[in-house]
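Working notes, beginning with the structure itself.
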Amino acid sequence: MHEECGVFGIWGHEQAAQLAYYGLYALQHRGQESAGIAVIDGQTMHSHRGMGLVTEVFANDRLQSLRGFAAVGHVRYSTTGESSIRNAQPLVFDFRQGNLALAHNGNLVNARHIRDILEHQGSIFQSTSDTEVVAHLIARGIYKTIPENVRESMSMLKGAYAFVILTDHELIAMRDPHGLRPMALGQLDGAYVVASETCAFDTIGATFVRDIEPGEMLIIDHNGLQTHRFSETAHKALCTFEYIYFARPDSDIDGFNVHMVRKQLGRLLAREAPVEADVVIGVPDSSISAAIGFAEEAHLPYEIGLIKNKYSGRTFIQPSQELRSLGVRLKLSAVKKIVAGKRVVMVDDSLVRGTTSARLVSLLREAGATEVHVRISSPPVRHSCFYGIDTSAREELIAAKKSIAEIQSFIGADSLAYMEEATMLQAFGVTANEPHGFCNACFTGRYPTEIFPTTKTVLEERSKHPVER
Amino acid sequence: MHEECGVFGIWGHEQAAQLAYYGLYALQHRGQESAGIAVIDGQTMHSHRGMGLVTEVFANDRLQSLRGFAAVGHVRYSTTGESSIRNAQPLVFDFRQGNLALAHNGNLVNARHIRDILEHQGSIFQSTSDTEVVAHLIARGIYKTIPENVRESMSMLKGAYAFVILTDHELIAMRDPHGLRPMALGQLDGAYVVASETCAFDTIGATFVRDIEPGEMLIIDHNGLQTHRFSETAHKALCTFEYIYFARPDSDIDGFNVHMVRKQLGRLLAREAPVEADVVIGVPDSSISAAIGFAEEAHLPYEIGLIKNKYSGRTFIQPSQELRSLGVRLKLSAVKKIVAGKRVVMVDDSLVRGTTSARLVSLLREAGATEVHVRISSPPVRHSCFYGIDTSAREELIAAKKSIAEIQSFIGADSLAYMEEATMLQAFGVTANEPHGFCNACFTGRYPTEIFPTTKTVLEERSKHPVER
Amino acid sequence: MHEECGVFGIWGHEQAAQLAYYGLYALQHRGQESAGIAVIDGQTMHSHRGMGLVTEVFANDRLQSLRGFAAVGHVRYSTTGESSIRNAQPLVFDFRQGNLALAHNGNLVNARHIRDILEHQGSIFQSTSDTEVVAHLIARGIYKTIPENVRESMSMLKGAYAFVILTDHELIAMRDPHGLRPMALGQLDGAYVVASETCAFDTIGATFVRDIEPGEMLIIDHNGLQTHRFSETAHKALCTFEYIYFARPDSDIDGFNVHMVRKQLGRLLAREAPVEADVVIGVPDSSISAAIGFAEEAHLPYEIGLIKNKYSGRTFIQPSQELRSLGVRLKLSAVKKIVAGKRVVMVDDSLVRGTTSARLVSLLREAGATEVHVRISSPPVRHSCFYGIDTSAREELIAAKKSIAEIQSFIGADSLAYMEEATMLQAFGVTANEPHGFCNACFTGRYPTEIFPTTKTVLEERSKHPVER
Amino acid sequence: MHEECGVFGIWGHEQAAQLAYYGLYALQHRGQESAGIAVIDGQTMHSHRGMGLVTEVFANDRLQSLRGFAAVGHVRYSTTGESSIRNAQPLVFDFRQGNLALAHNGNLVNARHIRDILEHQGSIFQSTSDTEVVAHLIARGIYKTIPENVRESMSMLKGAYAFVILTDHELIAMRDPHGLRPMALGQLDGAYVVASETCAFDTIGATFVRDIEPGEMLIIDHNGLQTHRFSETAHKALCTFEYIYFARPDSDIDGFNVHMVRKQLGRLLAREAPVEADVVIGVPDSSISAAIGFAEEAHLPYEIGLIKNKYSGRTFIQPSQELRSLGVRLKLSAVKKIVAGKRVVMVDDSLVRGTTSARLVSLLREAGATEVHVRISSPPVRHSCFYGIDTSAREELIAAKKSIAEIQSFIGADSLAYMEEATMLQAFGVTANEPHGFCNACFTGRYPTEIFPTTKTVLEERSKHPVER
C-alpha cells in the first residue's frame, strides 16, 4: 500500500528552497519515487525534479541554483518503473498568464473525463498524471487573474486533492471539499508554510497555525494571507488510513495526533478482541504505537519481536528464489529469544492482501512462538480506494473474497481479529451512525464522492498496461 | 558556434532502438547536450531521454526497455545550463489521436508568434522548445488522420526544420520548403531509415537512397513509403555552414561530399589568397580538409601543426585564471618542431568572434613561427543565423563591426584573407548571381525566409535571460 | 560513538558471495563507511571493496564476478573522510604461501609497536589499519602451514579482535583471549558460517551453533571444522557496550539476547532511580528497549515521544547555521501531543559528550514538556576505549570532567541518573566483586589487557593528524 | 596494442596537484584504465587514484583535497577487467623512512624473480604490479637516505622503466640504463617537472630542458636539482614504437619530433614500396602523419578516407553479433565519395594481428575502392615485447607465423608492403649495422637486456589466468 504524495509550500523566506528541502525530507515517508522543488525569485521560475529520495535528487549543488523567496515541493510514491520522471512533480508550465508550478496529493476521480474533453479540444499531455489536467483547466480559464481561474477549475474536479500552486505572484493552497487528504498551515520567521503533515513544520522550526479547511483556498502573496471558500457544503471525509498507516506518528492531523490515535486503536482492539497470551509485538514501523496500546490495555508485556533492517536502498540485490527457499529473509527478522516458547499477539495496522501477514506468522513460528494471534487495528479492507491510495485492485483484497476464518487459515494464525468500524471511530470520539467526518470507503464501500463508472476501469487497466514514457 | 541537433528515424526493424542508438552515436557531433529515443511496439510508446552523450544517457540497461519496431531519436547541442532536460527531445505527447514523438533539427522563426496565439487559446507549455509549438498545432488539427494534421501544421511554420515524427501508426519525415537543414533517406534490411546525415547510414550498414526534398513529407508505415509535397515552390536554400563546419567529413549532403567540398574550398582559397610560406596547417578537426586542399594547390607541405586533445569530458576541471596565465593550454597545442622558424599558413573554416584565432596565432608565435598567415575558407560572418545555428548575437560577430585589416590586427596575424561568397559557391559549381540553392545569410544578410521582427529580439533576449526550468 | 566493524565468513556454499552480501547487510549497523567481500573458487581469490553501504558497494553486477564456494566479508564504520578506501577490508594479500584475505573487528593495542619492528625489518605498509600488521606477521611466519603461522601471529597481538581469514585452503575464525568482541558460529545447508552477530544467521536462514570461545581458533576446510586454542587462560571480558548500544536487538551474544538485556537494564534503572512522572520515552533506536523496560517497571505509559527520520543518506545537505538557529531539526523530532504538559522520563543508553542529550532535553521542553528527567541505562563513561570503539578522546568525555550534578545542569535536565556498574551487571546475573566476564573499562578504567603507553598517544594523535592516503 | 603508462612529476609549485592533473590529461593517450596523483605538503602525503580517465577519477572535488607543493601522477593503460584498482598507480607506501609514492612506466623482466625472493623473506603483496617489488626493495635498503636505497634498488632491476618517486623530502626520476622508455625534464615558473612526453610540458606551459639520460637518476629537492648515474655503460635502446605508434605527434623524444619521424617514415615507405594509385589515406589517428609523408613523396593526393568516431565512452554498448553482421561499424567509417572507383593506398603504422587491417580493407572495398594497397610504416612484428608494450603473445602475431604474401591474402589487400628495419632507421639518421640507440626487438628478436626464461611464461600465463583481486 502506498501513499501517493506529500506536498509543501513556503512564501516569504530567503531560503525557500532549502526549507522546502528539509520539509520534503520530513515528508519523505509519503513518497520515495521522485522529488521536486520549484521556486520563484520575482523574475523567473526555476525548478528541478528527479527520481529518488529528496537527498538523492538534490545531491551535488542542485539546490544552489534554486534561489527565490517562495517554493513549492513534492515527493511521490515509489513504483518499480524507473522511467516515470515525466510524472514527477511539481509540474511546471508556461502559459498566457505566466509560470505555474503544481504539486498535488490525492487522486481526481473525473480526471479521465476531463482529459477526454480537453483532448477533443486539442490539448496535448506529456504525463499520465491527473495534475496536468488541472494545469490545462487553469490555462483555459476566462478570468483575469490566476487565482480566479484556479478556483473555477477546482469546481470541475471531483475526488481527493491537496494542491499547492506557485505562480509568479502568489502561493495557492487548497484542500478538496471533503478534506480527503490532509494539509496544514504554519508560520516561520514571518513566512507562511503549508504542508501535508505537521511533522514538516517541526522539522523546519515552523509553528503550526491551523489545518486548512475542506473546500478552502488560501492565497498567500506580498499582501499576506487571504482565505476563500471555493466549495460550499460537502460533509468532511478525511481518510482514516492517514492515521492508521501513512502519516508520521508525530504529525497532528485535523486535531488528532497520529501516534495517540494509533495507541488508542490498540487499546480499543485489546478490549474488543482480547486473547490469552504472553507477549505483544508490533509489525514495524507503523504498527508499533497500536501494539503498545494493546499491550497496556491487555496488561501484557510489549516486546520488540520483529526487527526491520533499516539499510535497504535502491540498489538492493533481491535474493534468488533458491536463496529465498533457504530462508534468506531481508526486511524483517523475528527475535527468537523473545518469541520462543511464547504465545504471541502480533498487532498489525492493516491487512490488505494477506501475503505479508502469512510470511510474518510463519517467521514467528519458526522462531519458536507456540501461538500467534493476529490483531488488526482497523476493519477489513474490502473496497478499492479512488482517492490517492494505491490499494490493489479489488480482486487482490483478501477480505473482499474470503471470510475472516478463511483469512486466518490463509495466514496460518491461531486467531485473527479485525476491528469494527464503529470501534475505530471511537478513537476519534465519534460514532458510525451520524456524520463523523471520515472516509472509510475502503472498509465500507461508502464513497464520499461520485465514482465515475470509468474511473475503476481506467485505474485498473492503467495498472495493467501503464503508458510508460 | 553550435549546430542545434541531429535527428534519426527508423521503421520496420526489430532492433529499432539499438539502431537508433548507433545512428545517434554517428550524429553525436551535431549535439552533445542531450539525447533521447522513443519507440513503438504496436501497443505503447516508450521513451527515454537525458542530459549528456548518447552513451551516457543510455548507459546501464536503459536501451533494453525500449523494445519496438520503429524509433525516433535526437541529439541536442551543448549548453552550459544543466537543467534543460525539459528541452531534450524527442518530445513525447499523448493527445486525442494517440501518441506522438517529435524530433526537430532547426529553428522556427515564427514560433513565438504561434506560441502567443496558442497561449491565448489556453495552451500550456512545458519547455522553451519550438518543437512543443508544433505538437500543439498538430493536436488542434481538424483532420481525421495525424499525417493530414501534420501537413496542415507545417503550412503554418516559417524557418528551418528537419522533422522526424513517430506516431502509433507511422513515421513521418519532413524537410522545410527551403531545405535549410539536411535530411536523407536510407534502407537497411527491409527497413526505412532517415537521418540528418548519411554518416548515420554508414554506421548502421544502411544504404543511402536519396536526400529528402525541400518541402517533402515522407510517410512510412506498414504499407511502405509514400511521398507528399506540403509546400509548392520556394527556392532551395541549404545552409552552407553544414559543409563548412558542422557535418561530418564522410557525410554526403544533397549530392556533395563534405570532405570534398572542404578540400575544394581550400584549393580555391589558395588560388584566391596565395601567400609565400613554408608550411600549411589546419585547425582541428573541421579545417583539416581545407588545409590539405590549400597545401596541394599551393604546393606547400601540409603538416600537423596544431594538435587537439581528445580526452576532455563533461567533468573536466577548467584551469584557474592564475594557471591560465602561466600558460596552461588544454584543448590545442602547437607542434614546435613543425612551426619553429617557419612561415605558417593557418587555415581555419570560419572566424566568428576572433578570440580563438587570436589565441591560436599567439600559440603559434610562442612555438616559434616567424610568420602566421590566417586563411579562412568561408566569407566573413556578419549576420546572425535564425535557422538553428547558435551563432552569437550580431554585436559579437567581429566581422560585423571591424574591417578585415582591423580583424587581422586583432588576431595578430601577418596576413588575413577570407573567401569571397562567389568563390565559395564555385566549390558547388554554381554562381552567386543566379539562384544557387544555398543559404548564405550569415555572410550576406539575405535571409531566404521572412524574419519576424520579434524573432531577433526574442532570440537575443532569450540568450540573456533564459527561462530556466 | 562508532562500532568499528562487522565480520562475516562462510565456507562450503555455491553462493558464498551472495550469502556474504546478505550477511553483511544484516551487520550493516556495525559499520557504514565501507564494505568488502573476498571469495575463493579453488583456483583464484577474487575480491571487491568500496566506500559506502553494502548495497552501494555491490551495486550493478559487482557480485556476479565473485564466484566461489567460500567468502569473507567486512563492514567498516563511518568517518567523514572519503579517501580511506585503503583501509577498507577485507585486506587481500599475495605471499609465499598463497592468497590471504583478512577481516578484523576490534583494535590491537600493540599494533604500533609491532609495526615499528616490522618497518625496521623493511616492511612497507599501504594502509593505516592494524590488520595489515597481522598480514605481515603471518607472512613472516616460519611454519609450513598458514594456520600455524596465523596461530603464532596471534600470540604476538594484544587487544581486541575477532578475525576471519580466508586462504586458498581454509577459513579461519578467531576471537581474542578476552573475547572482547563477539563472534558466533552457525550452519546453513551443510556450510559453516561465522559472523559478528547472530542476526546475520537469521537473515540468511542459518542455524546458530554456538559462540566462538575467547582464545579459540576455528579452522574450516574441506575436511570440516577443527577447533584449537591459541591462548590458554585469560579471563573473559566481553564488551558490555555491545549490549548497551552497538548490537542489533535481535542478536544473541554469548547467551544473552540484546533486547532482553536492554529491557532488563531499563527495569533495573527504574528501580534504582525512580522518578515521579507522566510518561516514559526512549531515544531512538538503541534506547527503545530500555525505555520499555523502565516504563513497565515504573508502571508508567511508554510513548513514542521522539521520532527519528529514517531517510537521511550520504548526500544529505546539512542546514546552515542560520537555518539551524531558526530551529531546523533533522534527525529527531519531539512529538508535541505526547510530551506537552507532561513530566517526561527520557531514557538513553549512554551519555558520552552530553551535547546530544542537551539538545534533546531542549527539544522536549520546546515541545511543552513540563519536566524532563534523564535516565541513562549504563554508568558514566569516564575512560577511553582502546578495543575498537571510537569513543572520543578522554578530554571530551563529559563524565571524566564533570560531576553528575554538573552534567545535569549542562544538559538542562530536571534530574539525571546513571546506572551503577553493579546494577548493570545484575542484568547479566553476575556481580562486580567477582570475575564476571565483562569489560567495563570505559566506565571503570580497569582495562583487561596491558595498555601500551604509546597506544593512547598514538590513538589520540591519529585522530588529530590522520595519515591520509 | 597498448602502451603501459604515462608518468608525471612536479616539485616546487603551490598548485602541484592541478598541474599534475593537466599534465596527465596531456598524457592520457598513454593509458585510459586508471589515473592517480599523490602530493606532499611538507607534513603528510595525500593521494587519490581510481579507474577511468583523469577527468573521471578527479571529478567532483577530489583535486581540492590534494594540496601540496610536489606531486607525482600516473595514467595506466586500458584493460577489460574493472577490478584492478589495486594496480592503479602511484602506489603509496608507509615505511621506516617515511612515505613513498611510486609511478612507473615500463616492465621489469626480472620482477617475478625478485618477488619470489622477497616472498621467501616474508614480504606480502597487494597488487600484481611490478612496481610493488621496487617498493619492497627500497624499504629493505640498508642506507640512511631514501635516494641511496632507491639507487641501490635500481641496480637489481632488469627491463624497461621510467620511474618517478615522491618521498617526504624529494622527487626522484630515473630512466633505465637502456632508456627503453622516454622521460624528459622541464621547468615552469621556478618548479621542476618531469614527464613521459614533452606534450605534457606544452600543455602546462613548462619549458623543455632536456631528456633524462638512460641510467640517470635526478633528485629534486629544496636545494634544487642533482643528477646521478646509477648505471655505467649499457648501450641506449629507445623503443621505436614510441615514435611509430604510442607517443603524441607533438611530443619530442630524445631529439626527434614524433610527427616528423612518422612523416619521414611515410616518405621512405613511398620510395621503398611505391605503387600506382589514385589516392593515399591513413588509418586514424596514429597513421595520419605517415600517410601525409607517403602522399607527398608519391605525388598522390592525401585524403581523409577513413573517419574515426570520437565520442565512444566507457559505457558504450557493443552491437550484438546480429547487428554486426548487418554491417554496424562503429569506430571507423570509409568515405565513399573519396574511395569509390579509386585505387587506394592505405597507410598504417603497424600490423600486429591482421584482423583490423582485414576489416579496413573490406570496408574500403565495400565503399567502392577498386584496389586497396596496404603500406605499413614499420617492419613486421614477429616477437613479443617484454618492456611494457602489451603486444599479444607470440602466437597471435601474424608475421610470426605467416609470410607477407600470406598476410596480404589474409587481409585481402591487392598489395602489401612493410618497411625494412634499415629503412626505418634512416628516419633517425642511423644505420642498422652499427650501434644505433633503438630497441627494435619486436621486429628483430634482438632484446637489449637478458630475458629471464620465466618472464615469457609468466607474462603469457598471466594474460591467461589473471590473479584478479
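Labels A, B, C and D are assigned to the chains in the order they are written; within every chain, residues are numbered from 1.
By our rule, a residue touches a chain if its C-beta (ideal position, glycine included) is under 8 Å from a C-beta of that chain, and two chains touch if they have at least 3 such contacts.
Keep in mind that what you see is a predicted model, and the values were worked out from it rather than measured.
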Chains in simultaneous contact with chain B and chain D: none
Relative to chain C, chain with the most remote C-alpha centre: B
Separation of mean Cα positions, chain C and chain A [Å, integer]: 36
Length of the line joining the C-alpha centres of chain C and chain D, rounded to whole Å: 48
Between chain A and chain D, centroid-to-centroid distance (C-alpha), Å: 60
Where chain B touches two or more other chains at once, by residue number: 60
Touching pairs among all chains present in the structure: A-B, A-C, B-D, C-D
Residues of chain C defined as touching chain A within the complex: 15, 18-19, 21-22, 25-26, 28-29, 32, 53-56, 58-60, 63, 188-189, 199, 202-206, 248-250, 252, 257, 259-260, 263, 285, 288-289, 292, 296, 301-304, 307, 309-317, 319-320, 322-323, 326-330, 333-338
Of all residues in chain A, those that touch chain B in their complex: 43-48, 65, 83, 85-86, 91-96, 100, 119-120, 122-126, 128, 135-136, 139-141, 465, 467-469
